[in-house]
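Read through the structures below before going on.
Consider the two complexes below, in which subunit A is the common component and subunit B and subunit C are the respective partners.
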Partner chain A sequence: MLNHLSKLVSNRYIGTTICSKRCYTTFKYNKLNDKDIEEFKSILNNEETLLIRDKDDLVSFNSDWMKKYKGNSQLLLKPRNTEQVSSILRYCNERKLALVPQGGNTGLVGGSVPYDDEIILSMSLMNKINDFDPVTGVVTCEAGVILQQLEDYLEPLGYTVPFDLGAKGSCQLGGNISTNAGGIRLLRYGSLHGNVLGLEAVLANGTVLNLNSTLRKDNTGYDLKQLFIGSEGTLGVITKVSLITPPKPTSVNVALLACDSFSSVKKLLIQAKTKLGDILSAFEFMDRGCIDLVLRHQPLQEPFSEKPKFYILLETSGFNETHDQEKLNEFLEYIMEQGLTVDGTVATDSKNQSTIWKFRETITESLGKEGAVYKYDLSLPIDQFYELVEVMRLRLGSKANVVGFGHVGDANLHLNISTPNQKYSKEMINLIEPFVYEYTSKHNGSISAEHGIGLMKKDHLHYSKTSSSIQLMKLLKNSMDPNHILNPNKVLPF
Partner chain B sequence: MSFKVLVPIKRVVDYAVKIRVKGDKSGVETNGVKMSMNPFDEIAVEEAIRLKEKGIATEVVAVSMGPKTCQETIRGSIAMGADKGIHVDGGTTDLQPLAVAKLLKKLVDKEKPNLVILGKQAIDDDSNQTGQMLAGLLNWPQATFASKVDIDKSSPNSVKVTREIDGGLETLSMKLPAIITCDLRLNEPRYAKLQNIMKSKKAELQVLTPQELGVDTNTNLKTISVEEPPKRTGGVKVDSIDAVITSLKKFALI
Partner chain C sequence: MLNHLSKLVSNRYIGTTICSKRCYTTFKYNKLNDKDIEEFKSILNNEETLLIRDKDDLVSFNSDWMKKYKGNSQLLLKPRNTEQVSSILRYCNERKLALVPQGGNTGLVGGSVPYDDEIILSMSLMNKINDFDPVTGVVTCEAGVILQQLEDYLEPLGYTVPFDLGAKGSCQLGGNISTNAGGIRLLRYGSLHGNVLGLEAVLANGTVLNLNSTLRKDNTGYDLKQLFIGSEGTLGVITKVSLITPPKPTSVNVALLACDSFSSVKKLLIQAKTKLGDILSAFEFMDRGCIDLVLRHQPLQEPFSEKPKFYILLETSGFNETHDQEKLNEFLEYIMEQGLTVDGTVATDSKNQSTIWKFRETITESLGKEGAVYKYDLSLPIDQFYELVEVMRLRLGSKANVVGFGHVGDANLHLNISTPNQKYSKEMINLIEPFVYEYTSKHNGSISAEHGIGLMKKDHLHYSKTSSSIQLMKLLKNSMDPNHILNPNKVLPF
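What follows is the complex of A and B.
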């Protein structure tokens, strides 16, 4: 048992559950056989390329983006349409074969890869954009559409996707919706729970649930689509979605502001909301540690000579350049008068805008270059927001480099603990967990603001949800997927 | 000892904008489109400010020509560190490089700078002519596509410029006053600090007109039409060597 664990650690993979892989849940599954393969081939119109069985070809699908989790799937299926998804699920449900629905495989909590030998159901071929209404801004598309692809489609039409994240070049809509993706624009456009108007999902027994609607308002019975938004593929497979998209702002301003204390950051946030109001589109923060990391690994220069403790990246988006500039100037004058910022700069052209964004966007990559990184995505009350970073620094001392950054406008902290030049270690995890979760729970925060639960946090769900709520979730799961074939061993601690 | 640097800058369509040609083919659509300082001019401003910081230059004057919106661009250079800004209000007249060069000559006669440093070309017309024409009109030496500029602080009456040319790098020495045009690798422009951005908004700019400078901005150049390049058609897949040869013959390539 311990040998198994140490082997995992030395290969830089982590198994977060202690039981051996074959007994990953209390549910019994069957093993894939040749008859199953024949059946899948027939469902997929005998198109051989829609099945992947070669071990080497499956490697990238079996592992997550951070190479933290590794599954052992023997088969990947690529359906072309909803009917095929329905037939596959119906068959798997009868045969008790487990599946993992997979989109762009960009998740950070091990939710998109098999735990063991589940079949991988790839949505990549279902990538058509079906319809767009230029009056309402509602777009309907298949779940395999890549976020960047949708953005490129909407841009010339004058619209934009209401959310944005670093993984946009690979992540797919189905995955974004199953994980209720957040991102840098949530501050402005709200969450997917509000922006998804309808979807089509296939249930575990193959039933196609048509909840597809392009209506902005529809109060007819229980709002079932909300069940699929954020349930990480455990209640159904999303095949189509209708999203409301906002007009693409034509006037964008980006400012980088330096603060020397977190209390100034808080005051700045209040001023940004009141003075910039409807044009505020992003309010991100990063601490000194993050900036130093970025400067070490990226070809960027530090814009401020004073080496401030915090940077705030502020973005405004609107439709009237003059009006927005006036609002921004008023805001900047005020914060300078009040001494809320020690220095700052405003991007003068789009090259400068993207350079300033690079400071924020390359933090993750820069962290990755140093060694093992332990990532925690938490929602905390704004007063405790940065306290946790300082507490962890004290707790870990010279063993690790603790940094904090994230969507401070939404009170969402990305706590990152980096151990330069070292591999993942169980020791380090034990120093961090469950302390981080206990701290979060004590302050009524969330142990996963936007990344989701996946495999990583399913045993910690109780830190943020009461036992009666977890019970109700289990009830829903048991009734919608009694054989537990959909993404087993994820999200709920069965 | 005074050492003045004149930096002409141009307001152009931002480099990241996907440009569209106007329906009447008269030009590129600029209405409601994001405009910025020409990137090469930004490099020129940066170089001038660095000369000031090195104690060589004592004053940096930025000048831009065109409609009132140019003033924003001039303020941008003041925010970076330029001392004074001049706006030559040409209204909606399309100013061609020769007209710009003539206007600059008049300004040079007025301001008497030791050095005029420009971007090598504007990203909207890619003319790459203004600096050279100005040198011709003034009969001053010129060094274009500069990737390095060196002035000896102890004897600031000549400048050594390294230029990027097809064969590699060429280093020239010129007596001042002279014209330099900048290339991409000369420097990395600084971020303008917030206090300076705020100050620049209140800065007073000197506004002149082509008439006051006594320049006729009419040139003999008329744009007849502006069109998009032909859309790229898809390729064709063939499945045998014979088919390849037939296709090549069909398109008169062999």
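What follows is the complex of A and C.
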């Protein structure tokens, strides 16, 4: 699943990085000097390999993998433990040296790339899985553990990570939590705000906050760990994590269903949630435009004899094959009787399941072959979910091809506007923005459902958050990091 | 289920309220004068009934229902809407008048009772259910809605509230969220940090924070609503709530299982979680002492021919009766084969289910008939969960009867120490405390699993939270409520 990563390929901001820099912070930082380097060496026990200063070696850390954002850091530090992170932060805070914490650097909004010459704090060597409790299913590990590494560790134990991302081969848990990662499993297991039980985080002044509880219930004062979930490294550096992990489902079914109206899609979702209950693990939406697109670029066949407007990829995951199939069959019979679906196919073996998933998973890749693509990751109330796609089609007419897909079970729409055989144009952006943000804002939607704000959407935050909310966020930032050394120029427009 | 409320009956602090007052805040507040009253009248549109000043009428609001805590408020205000709450707070902040927000006043730690002469801000008239979306299952309502009122509203729609409390007939949603209420359903649906999608809250200075998103995914900046979940009204007053509600299960099974070792209890829990998966809705633990106690005071019969040491009340809730029963039967066969249970009984009809539940539900009531009872609500890692009960038995010998029960699936132990025919004694408290808190602290447990801190445990907070954490909590409090007008003397020891 290259979904999340490959989205960036056609991102509208490529080549226009400079426009994001217009609100450069007014905070002043010191320049790195030789004495600083000596200090960092000493903190890192004189292990020379834990400091990277060579310009060429720094290139890949100074940019995201799509080369969309570029920083100019002169130093990367690789602490081995929390004490070292703490000493580094304490020193930087006293010296007013800015830092950007970096996990797998797979983010999509420039949150983990230096804005200017910040020191890069790489978490990659803090990658130990410390403990797993098979009674509670709680796993405790360091922030630099890679998501796939944790999944591989849990699988033979019969457990699974409660979230899944396309970037799982390289993204790190600390980064996942700092960005409040979403993904397909959110429908089933809920958000990280519920699944993270504890954290250890280092504050800007070097204070180590031990919030690393493994308890499901702990009502003793403010739930401080929540501050670090989704704040993109601007309030502290996550060093350890305790996570609830659910038992890994042993039986999986996948269905592709076709509908001729979005109203049927909505009814299908209600029925899936009530009739399939807790075994429903994915309810992904694609419009006909997505299917056409995929068929143009992938070796896949038209799934049904007719070409209805909407498609649902539905997945069940459970622990009893017979029961799950029976439930799915009952559900399918019901929705056919009610005329909610006009056609459908079910796959129980993994090969056919994988074929069905390809329709969903290759949309982004196929879009990349359609010229310039303008991509938006939005949450919208269900009544406006598809309306926006239709509104954009009316607005853009023959100038562009508008398609919509996404996690409709979570109301998360991926709106994609492609202009075949054309390059990115300011005119097209101006036709789309700020209209799309204004529309989202008017309907109390979110301009970033799962990718975060980072550098990319910092100046658009007001479309999803009131000025009072932004003011309170700034108050928290100023209180917890008064020198603004942590990930400057990200999330909040100062 | 009187569990939560009746716990207070035998609380160790009855009659010793004064000891909690030793850390009285040094913040200075003004005394209420006639001009203030006129101002509040004007804010409340001159509706005289929205101000209560009569001493007798104030009695029930000046104390919790157990008369454990007593305040001396001279004024209760009943705003009808957010604007009125905002105007009241703005005025109080300017005038340095302290307030205590009050919902159903069913809390167990004195969090909603005035400490001194704070104004009581009653949320009871803000009790409208505003909206329910059957596609997403998201309900939006005012903070004064009573939990049972919401359950009754949702039931005919086929949905249910994702948490359940003994106090549901009078507790209010705003209070539930302010105290991060737990309860039995937490095992299945997770905590309010995951289930609350949005809030509207009024800050100390009167600023209305509209965080009332109904979106499951919204990664736009810091997740501010989390600050108000579990902070017991010390950071703001919750005025509106958006909540995920799950479809109401249509099939329920209840089993009572007996084990002869706690190691079997742990293995049972693992098997229940993997074999019953998502239909497991309760896994409640009782030791033999609890059963003896209940049999002494309730019209119930010895459940099994033998008298093993441990009992598990297991509940499944699902949507397919046949499937759920089959799963339960398979699970039961497996655990009997493995020798994890020495006896068991299953109830599928509601009458027998209710009888089984009585063993669990009447423990607290039965304890109340056993003289002075010293009660502790703790979270402990599973390996120490029952060890503490045994340690306390060794420690107290023949001086007391020690029993343990609780939500073992959430690692939440209710430790109860009774001294039949005796009154509360300082000697007994000194034998138990601070030992029990130190033990909990040593094992990274929580001294308040679900009841919160309030006034009662404010001075014990350090047993569960490090000084750095308490310092950060104070920083947040000082930043967000610099005059400390919101619920003074609660949660944090200033």
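Here, the second predicted complex is superposed on the first by the 447 of 494 C-alpha atoms of A that agree within 3 Å, B and C clash if a C-alpha of one lies under 4 Å from a C-alpha of the other, contacts with A are read in each partner's own complex, and residues count from 1 in each chain.
Definition applied: a contact is a pair of C-beta atoms (placed from the backbone, for glycine too) under 8 Å apart; a residue touches a chain by one contact, two chains touch by 3 or more.
Here the structure is a predicted model, which is why all the values come from computation and not from measurement.
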Once the shared chain is lined up, is A:M473 touching subunit B (first), subunit C (second), both, or neither of them? second
Should A:S86 be classified as contacting the first partner (subunit B), the second (subunit C), both, or neither? neither
Return first, second, both or neither, reflecting whether A:S122 touches subunit B, subunit C, both chains, or no partner chain. neither
Tell me the contact category for A:N487 with respect to subunit B and subunit C: first, second, both or neither. neither
A:D410 in the overlay: touching subunit B, subunit C, both, or neither? Say first, second, both or neither. second
With both structures placed on chain A, which of the two partners, subunit B or subunit C, ends up touching more residues of subunit A? C
Is A:T207 contacted by the first partner subunit B, the second partner subunit C, both or neither? second
Touch check for A:N62: first (subunit B), second (subunit C), both, or neither? neither
The residues of subunit A that touch subunit B in their complex are 250-251, 256-257, 301, 303-304, 321, 329, 332-333, 336, 341, 343-346, 348-352, 354
Please output the residues of subunit B touching subunit A within their complex, sorted ascending. 14-17, 32, 34, 36-37, 39, 76, 79, 188, 191-195, 197-198, 201
Which of the residues in subunit C come into contact with subunit A in the complex? 133-137, 158, 179-180, 182, 186, 190-191, 193-195, 203, 207-211, 213-224, 226-227, 229-231, 235, 247, 249, 266, 269-270, 273-275, 277-279, 318-320, 323, 326-327, 379-382, 407, 410-412, 444-453, 457, 461, 464-466, 468-473, 475-476, 479-480, 491-492
